[in-house]
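Each of the two complexes below includes subunit A, the first together with subunit B, the second together with subunit C.
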Partner chain A sequence: MNKVYINSIASISAQKTFDNSLFLTEIENYEANVIPVINPNYKDYIPPAAARRMAKGIKMGVVASKIALQESGLDTIDAIITGTGMGCVRDSEKFVSAIIDNDEQYLTPTSFIQSTHNTVGGQIALELQCKGYNFTYVHASNSFESALLDAKLQLELDEEKNILIGGVDEIGEHTTKIHKLVNHVKAEAIKTSDVINAQTPGAVFGEGANFFVLSNEKQASTYAEITALKTYNTLPETEVLHEASNFLKENNINIEDIDLLVLGNNGDVDFDTFYTKLTEGFINTQQAYYKHLCGEFNTASSFGFWLASKVLKTQTLPEAVKLNNKDTASFKNILLYNQYRGENHSFTLLKQC
Partner chain B sequence: MSKGVAITGMGIISAIGNNVVENYQSLIHGKKGISRVSKIKTNHVNDIMVGEIDFTNEALEQQLGLTSDNNYSRTALLGAIAAKQAIKDSGITNINAYKTGLISATSVGGMDMTERYYYDYLTNKATHKYIEGHHAGDSTQKIAAQLGIEKSLVTTISTACSSAANAIMLGARLIKSGQLDRVVVGGTDCLSKFTINGFKTLMILSDTYNTPFDENRKGLNLGEAAAFLVLESDKVVQEENKKVLAYVKGYGNANDAYHQTASSENGDGATLAMQKALEVAGYKPENIDYVNAHGTATGNNDLSEGRAIIRIFGDNVPDFSSTKAYTGHTLAAAGAIEAIYSVLALQNNIIYPNLNFKTQMKEFNITPQLELKEKPLQSVMSNSFGFGGNCSTVIYSKEQ
Partner chain C sequence: MDALKQELKENLIEQLNLEDMTTEDIANDDMLFGDGLGLDSIDALELIVMLDKSYGIKLTDPKEGRSIFESINTMAAYITEHRSK
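Here is the complex of A and B:
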């Protein structure tokens, strides 16, 4: 079986991450319960007229995929696999409210078309003129991991050489409003640095697009090797640590060999306990978190994947993501763990190249 | 690694039947499930026809034994019914005896409840339970829970009208590569005002019975349905002495990269998908005995698909027909519905008639199968195409 590498990365997030030469050198501090992305200059990548027509999710996805492709040095790609929890949710909102407000009259198709979950993947294929394999996964907090799993399988078996994968989700006003009603969004505005100790229910909602070129051939730009990945629809809190050790064992690696544990903590007092349980087995390991920087969304873990890739390549860990301080000097193996509201868990193992 | 990908169980609920047997009876007797919409209040009631399932949500909840505080969308209800049938049909009593995953497909997800309670959420607390039921993964999580699948690979695919074909494709690849021993694959979509109005704005809904591959076709009828299949590895089939209904022999996925909602005139994506599926199966075009076409009865699809079929099969186009005239276009579920129809065709050596056809299309001279036909079948090709240029083909066969 082939090894699988991350050959390039791209991130559009609530931090200044779209420039690959930087690595969280300057942190954008928010005091909010919803944080939108810092927009790159979309016109550098898409003609202005086209950009105006595109939904935010499409724009973020297309630009992130172009940045990733550029860095990989490729002109074309064999396949495109997208993960998105909600798709272009603003257009879904627009179309539903128009149906209700106008009693099914005067509707136009644009928002219906853009609300289709695979519209981002389809638009990227159009932009890149890629007629290859094209899938879209829409499974909550395992949407991005499903895309990763699919790409990894194809590259291992040599079915394709270079695959573009990504996670993308956008903030929708109505969706956020109703999620505040059920306390999935924090009731209070909170400072970025305080999210981790919030002790309140709900998360700070966010959005973003993180895209990657995966390949079964290493090259100069390579960030890391993807060693293993496993997803779970359910996993009781009491079994998280046990399952993590099983996962490491299956991949012939000891807990002591993990140099960094990247966790999906979002400051929700009711569900961060899953991470606490896991860290009990990693007390001597450097730990990091990231959702205070990018916000919580169905594909937020793709930002964690971006972070880990960057750490392995640069061998540095930004202060803003440190959960503890172990003075780890070199990073060889990174374990990522994510879940959302106790469902759809994933372990991802990355290795320095 | 597993050489074969065996289908050992099937479950379905559609406008032409509440289980596999009922669906087959309707197919061979030419019984359509198309009518005026009755369960959704829409201004378009007299402008469109749909393939609607008879049961109300309450009846479906009762069949599943759900209490009144449940938050199942109709998509989840239909999916759970079909998936449970498939498990029963496969004779599975202990789901966790083998590494079992679930891959579902949906495009509507919980939109039926979202559009019903969209503004009510802001004022009526009793409706809040449906907020988390909106996202596409929710119905899949519920189906997994209904089947008792825990701590396993469960995911959802949404590639518009090709979704379920892709779920079957991924499932087959996971079995072949040895990642799973068993996987339940399929799709589910209910009717909604959202899709009715969406397709209406695109002006591709027929105001009468849909007529696939007919020169005067006026568009599609939307349908609702759910269908799931159990795929098992050679190991499980041997150890459990399973009866194999058919095999997933080949599959191909490609993107038309032409237009967000329209297929290219020459069906580039469709041609590529069929080509790839033949390659994976190790088949030549002449190995295909019947093509269950996507055949939505839109002007664009049937022309593009027809041309792609001619590009693949040349002068020897096998018997082909679309079953959309029976069920309507069931969107993300269509690939799984038609997978089951393909397997039933193989089991019974039967080709279904393409209903409602009257006039030959001008652009080419291929004609769908118009009468029920008995013929020994070895392999069947099933096409599913969708928005976003997504094109998928799966080949089902009697041989491993």
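Here is the complex of A and C:
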């Protein structure tokens, strides 16, 4: 089987990450319970005629794709695989609101045709003129991992050479309001630096698009090798550490070989305990977290994947993501663990190359 | 009629997300489709809904749209003659 490499990355997030030459050198500090992305100049990447019908999620996805493709040095891509939890939720809200407000009359087509989950993947294909395999995974907080798994299998089996994958989700005003009602969003505005110690229920919600060109051919720009990936729909808190150990064993790696553990803590007092349980087995390992920087959304783990890729290539760990006091001289193996509200867990193993 | 033309231009910009345009950029006799503003078939559907919702005009024959939506002048003339609200 072929090895699978991350050959380029792109991130649009609540931090200034769209410039690949920077690596979280300046942190944007928020005091909020919902944080939007810092927008790149979309007009630099998308012609105005094409952009006028695109919702924010589509613009973020298209621009992140173009940045990733540019960095990979490729003109075209064999396949596009997108992960999204909520898809184009803004246009969905717009369309459903129009149905209610206009008593099921005067419905216009634009928001309807742009409201499906696979609109982002479709628009990326149109922009890149890619007529290859195009698939969108909608699997809550395992959406990105599902896309990653599909790409990994295809590249390992040499079905494709270069695949663009990504995770994208946008903030929808009405959807966020509903999440606030059920306390999935923190009731209080909280500072970025205080999220980890919040001790309150709910998360700071966010949005973003993180795209990557994966390939079974290593090149000069390669960030890392994807060693393994495993997802779980349900996993009891008591089993997390045991499953992590098994996952590493299956890949012939010991806990001591992990140089960095990247965790999806979002400051939710009710569910960060999953991460606490896992870290009990990694007390001598350096740990990092990232959702205080990008917010929580269904594909926030793609920001963690971006972070780990960047750490492996630059061999630096930004101060803002350090979770404990351990120091690592060099980063060879990184383990990522993510879950949201105790469901849809994933372990991802990346290796320096 | 001039007020209606101005209103149509504002509606066009808002409904069709013509982000970079102002009402001054649209001349009354500019072609809305093709070489003019470059509107397309999806925009045509948006305009049909706009006629119904804002002016109470139901277009039953889509072929009619071709001449009605030629320019702001032709739209304003048709609306003035057929509007029910």
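In this text, the second predicted complex is superposed on the first by the 352 of 353 C-alpha atoms of A that agree within 3 Å, B and C clash if a C-alpha of one lies under 4 Å from a C-alpha of the other, contacts with A are read in each partner's own complex, and residues count from 1 in each chain.
Methods note: a residue touches a chain if its C-beta (ideal position, glycine included) is under 8 Å from a C-beta of that chain, and two chains touch if they have at least 3 such contacts.
Source: prediction; values computed, not measured.
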item: Contacts of A:Arg53 with subunit B and subunit C, given as first, second, both or neither; value: second
item: Partner chain(s) touched by A:Lys326 [first = subunit B, second = subunit C, both, neither]; value: neither
item: Residue contacts with subunit A in the superposition, subunit B compared against subunit C; value: B
item: Touching partner for A:Leu107 - first (subunit B), second (subunit C), both, neither; value: both
item: First (subunit B), second (subunit C), both or neither touched by A:Lys16; value: neither
item: Which superposed partner A:Thr234 touches (first subunit B, second subunit C, both, neither); value: first
item: Partner chain in contact with A:Lys277 - subunit B first, subunit C second, else both or neither; value: neither
item: Subunit B and subunit C footprints on subunit A, overlapping residues; value: 105, 107-109, 113
item: Interfacial residue positions of subunit A with respect to subunit B in the complex; value: 80, 85-87, 92, 95-97, 99-100, 103-105, 107-109, 112-113, 115-119, 121-123, 125-126, 128-140, 142-143, 146, 149-150, 153, 156-157, 174, 177-179, 181-182, 184, 231-235, 239, 243, 298, 343-344
item: For the subunit C and subunit A complex, residues of the former touching the latter; value: 15-20, 38, 42, 45-46, 49, 52-53
item: Interfacial residue positions of subunit A with respect to subunit C in the complex; value: 48-49, 51-53, 102, 105-110, 113
item: Subunit B to subunit A touching residues, read off their complex; value: 42-44, 102, 106-107, 109, 111, 114-115, 118-119, 121-122, 128, 131-132, 135-138, 140-141, 144, 149-160, 166, 170, 173-174, 177, 179, 193-194, 197-198, 200-202, 253-261, 268-269, 272, 386-390
